[in-house]
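Input: one structure, supplied below.
Here the chain labels run A, B, C and D in written order, and each chain numbers its own residues starting at 1.
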Amino acid sequence: MRNPDPPAPQPPGGFVAERSFLFPVRIYYEDTDFSGVVYHANYLKFMERGRSEFLRAAGVRQRALRAGEEPLVWVVRRMEIDFLRPARVDEALLVRTRVLGLGGARITLGQAVERAAEVLVKARVEVCVVTLPGRPRRVPDAVRESLGAYL
Amino acid sequence: MRNPDPPAPQPPGGFVAERSFLFPVRIYYEDTDFSGVVYHANYLKFMERGRSEFLRAAGVRQRALRAGEEPLVWVVRRMEIDFLRPARVDEALLVRTRVLGLGGARITLGQAVERAAEVLVKARVEVCVVTLPGRPRRVPDAVRESLGAYL
Amino acid sequence: MRNPDPPAPQPPGGFVAERSFLFPVRIYYEDTDFSGVVYHANYLKFMERGRSEFLRAAGVRQRALRAGEEPLVWVVRRMEIDFLRPARVDEALLVRTRVLGLGGARITLGQAVERAAEVLVKARVEVCVVTLPGRPRRVPDAVRESLGAYL
Amino acid sequence: MRNPDPPAPQPPGGFVAERSFLFPVRIYYEDTDFSGVVYHANYLKFMERGRSEFLRAAGVRQRALRAGEEPLVWVVRRMEIDFLRPARVDEALLVRTRVLGLGGARITLGQAVERAAEVLVKARVEVCVVTLPGRPRRVPDAVRESLGAYL
């Protein structure tokens, strides 16, 4: 019930470098599997966190989109992913996100999960905006303008 | 609290149809996200279950590979995934797995997640065998022979 | 790629033995962590699958509850969990669910995750029904009647 | 392959306040389920991240324990968890960890997941140290000394 600690620590919000957005991720037990390394599907979670923070940095919030008169959510339409090198528990990684294309209905991102100078995973990700029943909608202009700065 | 019930139910083991392997998956709370549908990365888990059961049906066990003199594990090297239609809680889906290519170092699979006659997600998946420190190894001959029947 | 195979395999639906409900679970890569065994939080997923199938067997569907005039969802209010023995990849486990108490607002379940005659995890779980904004509601009478048979 | 950005952002490391350790967590798509709130088992992941960072701050690393002559890992033996209020996507939460007891074989922690002044989830968690085959070991003295400061 207490929480009087004045400057409460915040989750990390990411970082812009050149035209890419960097977001730090720490590897925990939950991310690994019995083979000793990060379970492949969990890199998709890291990349989704990177996209969420990228959008947040660009002023777009998941809940704001959902709270509009026609609630919208992001969906991933297509991914091409290369799993190049493994990551292990305790490591600090970076998710790098860049905008490769900004269509009316589809945004194409280039994402990578990196450990220092090494790329562990790289991906090309196509995302769209849909209504809750799943109907595609144009990406809102405000979102496209914000992301245009990263093209 | 013990378990004296004679014919204990078994988890499903899958099913061969023509040259593909079918594995049933049920959607639970854990698989969905707040947008109301299955979280995209969780389809990769379903496809991994399908691959594990496919290998089990072909007589290959994860722990046997790992218990050899040079322990081996499967890794995914590359995936191309199209997320075509959403799935929702309570639905019963099928994971379909086919062998597209059987190289010495790399196996290429075609996988789909289906709901009745609809394909929800389809993927091309390249998997390899590596040592625990991550060094690539040839796919064991016994594995390749077993999978050859599905080519 | 379609699905014309006549008797498509179904996901398992569980099994009633005496007054408990048994549901089989297979351990996959996704369930384990780098320590070699199942990650502790994942047993809660197995128990939730067991509860979902228990409710389904009792004629209660998550989506039906949610589709009512006042949409309802299940929430877990409290758990006491003992993690007694580890499980490993490839193993076939059983989730055993019993009804310990049926209050108007709260259902108490006893759950266990078992491997043959061994109990790996046991838990006491209190679940409630709430509206989407989180307001508690009485457990619908139809649900309580169905579950009463397991008391 | 690039990563020449000088001061790369780090994942958060947490924060000591009075005798408790605070660790920030952000809620993403992956953490929620179709009911619109965080899936109950995922709070256990947040608490495990909090414990990992608590140990890291106390100078204990998972991989160091595992790399000793007799590799050791942490296991959770028992949890009592009250799920009091729901959390939603985009929210910033805090995981609070305190040491309640420091036995030779068992450490008891009090953990809470908080949103500003509200406690969403609180738990009593008993953790042990075991060998990879699962045999219990005394908690290393260095670990107990480090944690003693939080008693």
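To be clear about the criterion, contacts are C-beta pairs under 8 Å (C-beta built on N, C-alpha and C of every residue); 3 or more make two chains touch, one makes a residue touch a chain.
This one's a predicted model, so the numbers in the text were calculated from it and none came from an experiment.
Asker: Using the touch rule from the top, work out which pair, A-B or A-C, shares more C-beta pairs.
Answerer: A-B
Asker: When chain C meets its copy chain D, do both sides use mostly the same residue numbers (more than half shared) or mostly different ones?
Answerer: Over half shared, hence same.
Asker: In angstrom, rounded to a whole number, how far apart do the mean CA points of chain A and chain B lie?
Answerer: Centre separation, chain A to chain B: 26 Å.
Asker: Where the CA atoms of chain A average out and where those of chain C average out, how many Å apart are those spots?
Answerer: The computed centroid separation for chain A versus chain C comes out at 31 Å.
Asker: Where in chain C do residues touch at least two different other chains?
Answerer: 29-30, 34-37, 41, 45, 48, 88-89
Asker: Would you pull the chain B residues touching chain C in the complex into a rising list?
Answerer: Per the touch definition, chain B meets chain C at residues 1-3, 5, 8-12, 14-15, 17-18, 22-26, 28-30, 45, 48-49, 52-53, 56, 61-63, 88-90, 92, 94, 96, 112, 114, 116-117, 119, 122.
Asker: Using the touch rule from the top, collect the residues of chain C that touch chain A in their complex.
Answerer: The touching residues are 29-30, 32-37, 39, 41, 88-89.
Asker: Sort out for me which residues of chain A touch chain B in the complex.
Answerer: 34-37, 40-42, 44-45, 48, 66, 73-83, 85-86, 132, 134
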